[in-house]
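What follows are several structures.
The following pair of complexes shares a single chain, chain A, combined with chain B in the former and chain C in the latter.
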Partner chain A sequence: MIDAIPDKISRKFKEKDQFDLNRNSQYYLLPFRFHRLTDEKEIIVNEVGDYLILSNGTFESIVKRKLDKEKDKDLYGDLIANFFISEELIPPLIDVLATRYRTKKLFLNYFTGLHIFVISLRCEHTCHYCQVSRVTQNRDLYDMSLSNIDKGIDIMFKSPNPHVTMEFQGGEALLAFDHIKYAVEKAEQIAIEIGKGLTKVICTNLALINEEILEYCKEHDILISTSLDGPKYVHDKNRNKPNASSYELAIKGIELSRKLLGHDRVSALMTTTKLSLDYPTEIVEEYFNLGFQGIFLRNISPYGFALRTDTSKYETEKFLAFYKKALDRILEYNFSGYHFTEDLAKIFLTKILTPFNVGFVDLQSPAGLINGVIVFNYDGGVYATDESRMLAEQKDYTFKLGTLNDDYNDLFFGRKAQEIAQLWANEALTGCSECAFQQYCGADPVHNHATQGDMYGYRPNSDFCQKNMEIIRYLIELMESDSRIKRIFESWAKTATH
Partner chain B sequence: MQFQNEIKSNEVIVFADASLYSKDSIFKCLYWYGDKFHTNVSFADSGTYRVSLKPISTNQLSNLELELLLQKLERDLIDFNLRDIVTKETQNVRDLLIAKAFSNGEFDEMPPGNVSDPVGFNVNKVAND
Partner chain C sequence: MLLRTKGKPINIEGHLVGKVTRNPDLLDENSFLLIDSFVSELPSKNFMGVLSRQDEYEVKNGENVVFKIPTLDHLTDGDIVSVGNDGNINTLYRVNSFHNTLLATERCNSNCLMCSQPPRDKNDIPIHYQIHKKLIPLIPKDCFELGISGGEPTLMGNLFFDLLSQIKAELPETEIHVLTNGRTFAWNHMAERLGELDYRRLMLGIPVYADYYQVHDYIVQAENAFYQTILGLHNLARYNQRLEVRVVLHKQSIPRLTRLAKYIYKNLPFVEHVTFMGLEFVGYAPHNIDKLWIDPFDYQNELGEAVEFLAGQGMHVSIYNTPLCILPENLWKYARKSISDWKNDYLPECATCTKLGECGGLFTWNLKKHSKHIHPFTS
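Then we have the complex of A and B:
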């Protein structure tokens, strides 16, 4: 039987204003943050990364309750619909907002996924910016021992993450290919036994690649990640290989790998050096012409630079100019109908334009170190990130969590991890806590330590902050100024979430 | 007493009414100037903050730049005060939001009010029948 509700009158067919339960424009603020974009425009961003672009002075009107529900009907509606204000102290849809917040932090659900095995510190290159690798034949000293590989694999499979990635780095990883084979086969067997997903990646400069190695990679479904800094005159200057062209070996290696493994099984990463800064367009064109789907324009590595100086500001400004020029070229390709992305922008745009997030080590909060990535060094040391082990090569052991002989809990939840965890969330860092771009940015204690001498970092002259703030602002400015660019950016963000 | 914002021998000085500006907002604002300026906050009188910036030795500014700096500081103080209002007013709902986001349902609640069909049936009863 269906009961009618006697004291309830149907709202059907009533005038529109009957549905407005709050006619006196009283509203409550919800958490959101504000930034001036230009002299005319400002932006507000809520706790889940939704943004509104407003004309100058609107933020003040909102906060000072100067909005008029009738006169500013559209804006008022947008603010309510996007969770910037609420007509009730606790918004009735707070659970929806909480679910969206949870979605943004979903990367925390799985814990460590990427396990980097520094399989050998030996290298046949002598790149001038690399302070890590060694040109040596001494395998015992500089290759990861089989027992350390065993321990690393054991720790890797203790991760609660249902899918782990095992990435072999160097030095030049292929110099210890026999150890890679040992590690791959052992890990594959355990992965099957315990039912975990396993991705395998070899990072290599490709100088030593050959058909035999590639056949093995094919058989074991191993991905290849290589380094390509741009055209020959940039790459070869950056990467010195005695008596050979590193560029030519890399190109030959990319072609052979694609032929044997498939086009998509090979990716390339560039390192930006001072020299690269003069060739933004050429670097982009190199990647495009080689048939890559995009490029990751990475910041200059701070290791070895003293960044708390005026030169660093200058370097960051030069990088930003380089970045914008390169992005221009990338957009030109897109205007002519090609799908070619810039991966740093893609990370930011996914956070800006979609309900999702991207787990990327220094662009997430809490930071990805330990939570997302861990490094097992060739000598058995366990480090929070790849940069952390590079610091260790300069005798700075701040981010050494322990050794492969330690217990899982001591490594991942021990004193050192707890110390870092105090400042790995930008929500709780001075400067970041009220920054409008907080949800799009991240925290990087290792970078702060390397460049500023302490993990907490000092935002006013941090190159990390300067770079991220300007790139995010610039991406938003581009989208707002040209609807074609907005459509392109939306397509990039879409591919990132699939 | 009426105080006037000014530039005095290489120092930019702004006065802020303590009944309008929170102490937190003043410090949060000055944080962003600390790499290039000596910053100082004191009381001009019991109800007024005196906020000042003095360029550090490596950061020499022209008169025009000091003029622009004064304007920027005035504007930033207003912005940071507004931000501080939002932060403080929304602190509880933010805590609740995050608690809900990371909970296993223990903070969930039914949407407030009666759920009713526009025609007037008792939806809950229908669902239970």
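Then we have the complex of A and C:
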């Protein structure tokens, strides 16, 4: 190596144009996609999610090779630096691009992490949108049996993932608290034996929470995830509890849980219903006033509503209007110095603004069903997602992978899984394959099936597509029009990756 | 700060490397006795030689001597020097400084427009290596940090790894900071070999001046340098090396600075530290000053945006070589007193400045070329 340097080399300084590696201005296109943002602006996004905002018509001149290297010096530099075009057929930094692509798909590295145990289908609430739960005392029929718990745990620990999460859902999970205890203690012991990380979560409406249960959660390091739909008048209308206020029980439960477990051990999720759509600001304020760090504005679930294509476009428009109003309020909090996030935006922004990614079941590609999450139903059925088992309550078993008696490989790599896997990558779905937001979005075969009748889905009237495309577009529009918002969004994206 | 001096040699063969002391009791086979004025008798033990200011010197026991040295005032007990058969006495290590650096070679495969230590093409690698090999065992074990610079140290080839292995063995507690342009690590095997050293106290400082190759290549005056450096950084990251990206601020690097910040975050998020450095008016810089000069005051918007973006993403960022009075107050928390003691100075007007104690000041050579906006703080 030493001899690679001749003893006499010229050290005379050269001009900049002598460092142009491509004097004839020919360039190659790397994979990227475009989308018209507004009447003036368009966006191009490359294979790893980096984007450039351009004035309309620029995309055309790029692909038609009409760029002038001198005249469009800055743009040309941007396109080369950001992997949109290359001066060589194989870009000199293709290995860097490959590393970045791997980083974006890192959520696939470990396979299934989240294992949902539907520990009981029984519930003491009678929420009108819930078509799943049963008000009954019949434990034999509607609680997960100890032997099924054993089998579920066994399958969970077969996951190659070094850290698994076991999440107890219902019905109301706490109605079967004795079974939760059994499952927790058994799983903890095995986790220690085989050296795997284990996170435990109980999803509960908190109506039944008490100090004894919380002491147990504390001792076993269990997280609490609850439902809160907004202020009392929204929450109680959504969540009917005979002879009581679900809202008041939830608030009391949150306070008690925070007191005994610590503030950050309790999270809340909202379900957007038709009623919620009228109260975007109030719902956000409720979460803020309760001291949460953010809110996840979730789409109206099509499962309870049996939402179908004909009505969904209108419903989605209403949801988007709701979403934007709520986001406005959230941004106001941020303008006045609070760190308060919207978590759907946070997922998108992590993909848009950072070199990293977050796995989220229907906002990743390949989708997170099976390879990220699996559901063990109370009756021993194994389903691809939480929504899949809700479909099953409507007698639709499309996403039933088998039962807990089946072999691990048959469940996770069997025919059903293979069938779903054909359609779980948006790179390979018509409409998505050429969509500029492909890297930011995801695929949801379950949703497609539930709303459009087949797993493949049809993007032009898909509410999933309509919602994601508009939210992504809107987030970008906000950032580009206001540098304060960009700062705020950057800080949200950062918290998702640290 | 004086780092080299010269006298008349007697008996010296090749290069001797030793500590210096004025105290005969501390003399051992690895040290020189410093003689500022006449002494009648030399201690009767085995030591490396005598460095003396005396105009005349009479050899008594065939000892190694350099005499008629104009001054020894710059040497403190414990400093380490090399003494050549030409009478040159170079200070290699200063015991009271935090900024000791080994010059690996003056050769370089780049030729940066603003190089502060312009490269020379003579093959000086074996001689430097021989000297360092003798020097390293003499460095106090509690040495906090040691730099290795050039030229381009990796041009040492195998010797580069030998040097690092020796330092790792001799100075296990010392932080090592190597300044390299990173280009040789575009060869994966070079990075792999460094990885094999498993050297957690080693940090590589690697310059990236733009996100677009032509700008970077022009600044470093080497074709393909940008691509090599970026590949090098990735290869080094693959072997878990600790990395610092260094950006020198001047007229050529400022226009794409905010883009560079994004590029670093997107493509090099694994780097441990990003440093932005004011231009040094030394080496090639005066010659190329028309191509390089922009008053630091005039690039504070770009600098602020780059720094706050990276810091906002959770990256560790520092600003070097920039007086506080130039920086907007929101950037003060990133400013470090970075200039090595021996090349650090202040302007006359700084004497009245209330921030003098916190300010890193200027390079001595920048007293001749500095921002027009330096003004002392009054409260």
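In this section, the second predicted complex is superposed on the first by the 481 of 498 C-alpha atoms of A that agree within 3 Å, B and C clash if a C-alpha of one lies under 4 Å from a C-alpha of the other, contacts with A are read in each partner's own complex, and residues count from 1 in each chain.
Operating definition for what follows: contacts are C-beta pairs under 8 Å (C-beta built on N, C-alpha and C of every residue); 3 or more make two chains touch, one makes a residue touch a chain.
Remember, predicted model here, so these are calculated numbers, not experimental data.
Chemist: Mind working out whether A:T354 is in touch with chain B, chain C, both or neither, as first, second, both or neither?
Modeler: In the superposition, A:T354 touches chain C alone.
Chemist: Which of the two partners, first being chain B and second being chain C, lies in contact with A:A81: first, second, both, or neither?
Modeler: In the superposed model, A:A81 contacts chain C only, not chain B.
Chemist: Quick one: is A:R33 in contact with chain B, with chain C, with both, or with neither? Answer first, second, both or neither.
Modeler: The first partner, chain B, only.
Chemist: Taking the superposition on A as described, I'd like to know which of chain B and chain C A:I194 touches: first, second, both or neither.
Modeler: Touch partners of A:I194: none, neither chain B nor chain C.
Chemist: State whether A:E434 touches chain B only (first), chain C only (second), both chains, or neither.
Modeler: Touch status of A:E434: first partner only.
Chemist: Tell me which partner A:P92 touches in the superposition: chain B (first), chain C (second), both or neither.
Modeler: Both partners, chain B and chain C.
Chemist: If I apply the document's touch criterion, which positions on chain A are contacted by chain B in one structure and by chain C in the other?
Modeler: Dual-contact residues (chain A): 1-2, 4-5, 8-9, 11, 92-93, 95, 99.
Chemist: If we count contacts the way the header does, which residues on chain A are in touch with chain C in the complex?
Modeler: Spelled out, the residues of chain A in touch with chain C are 1-2, 4-9, 11, 13-16, 18-21, 50, 77-78, 80-82, 92-93, 95-96, 99-100, 354-356, 487, 490-491, 494, 498.
Chemist: Taking the complex as given, what residues does chain B use to touch chain A?
Modeler: The touching residues are 28, 31-36, 58, 78-80, 82-87, 89-90, 93-94, 96-98, 100-102, 107-109, 111-114, 116, 118-122, 125-126, 129.
Chemist: Would you mind writing out the residues of chain A in touch with chain B in their complex?
Modeler: Residues in contact with chain B: 1-5, 8-12, 28-34, 36, 47, 59-60, 63-64, 88-95, 97-99, 101-102, 105, 310, 430-431, 433-434, 458-461.
Chemist: Enumerate the contact residues on chain C facing chain A in the complex.
Modeler: These residues of chain C touch chain A: 107, 109, 111, 113, 118-119, 121-123, 125, 154-157, 184, 211-215, 217-218, 221, 223-224, 227, 230-231, 234, 256, 259, 263, 265-267, 269, 288, 309, 312-314.
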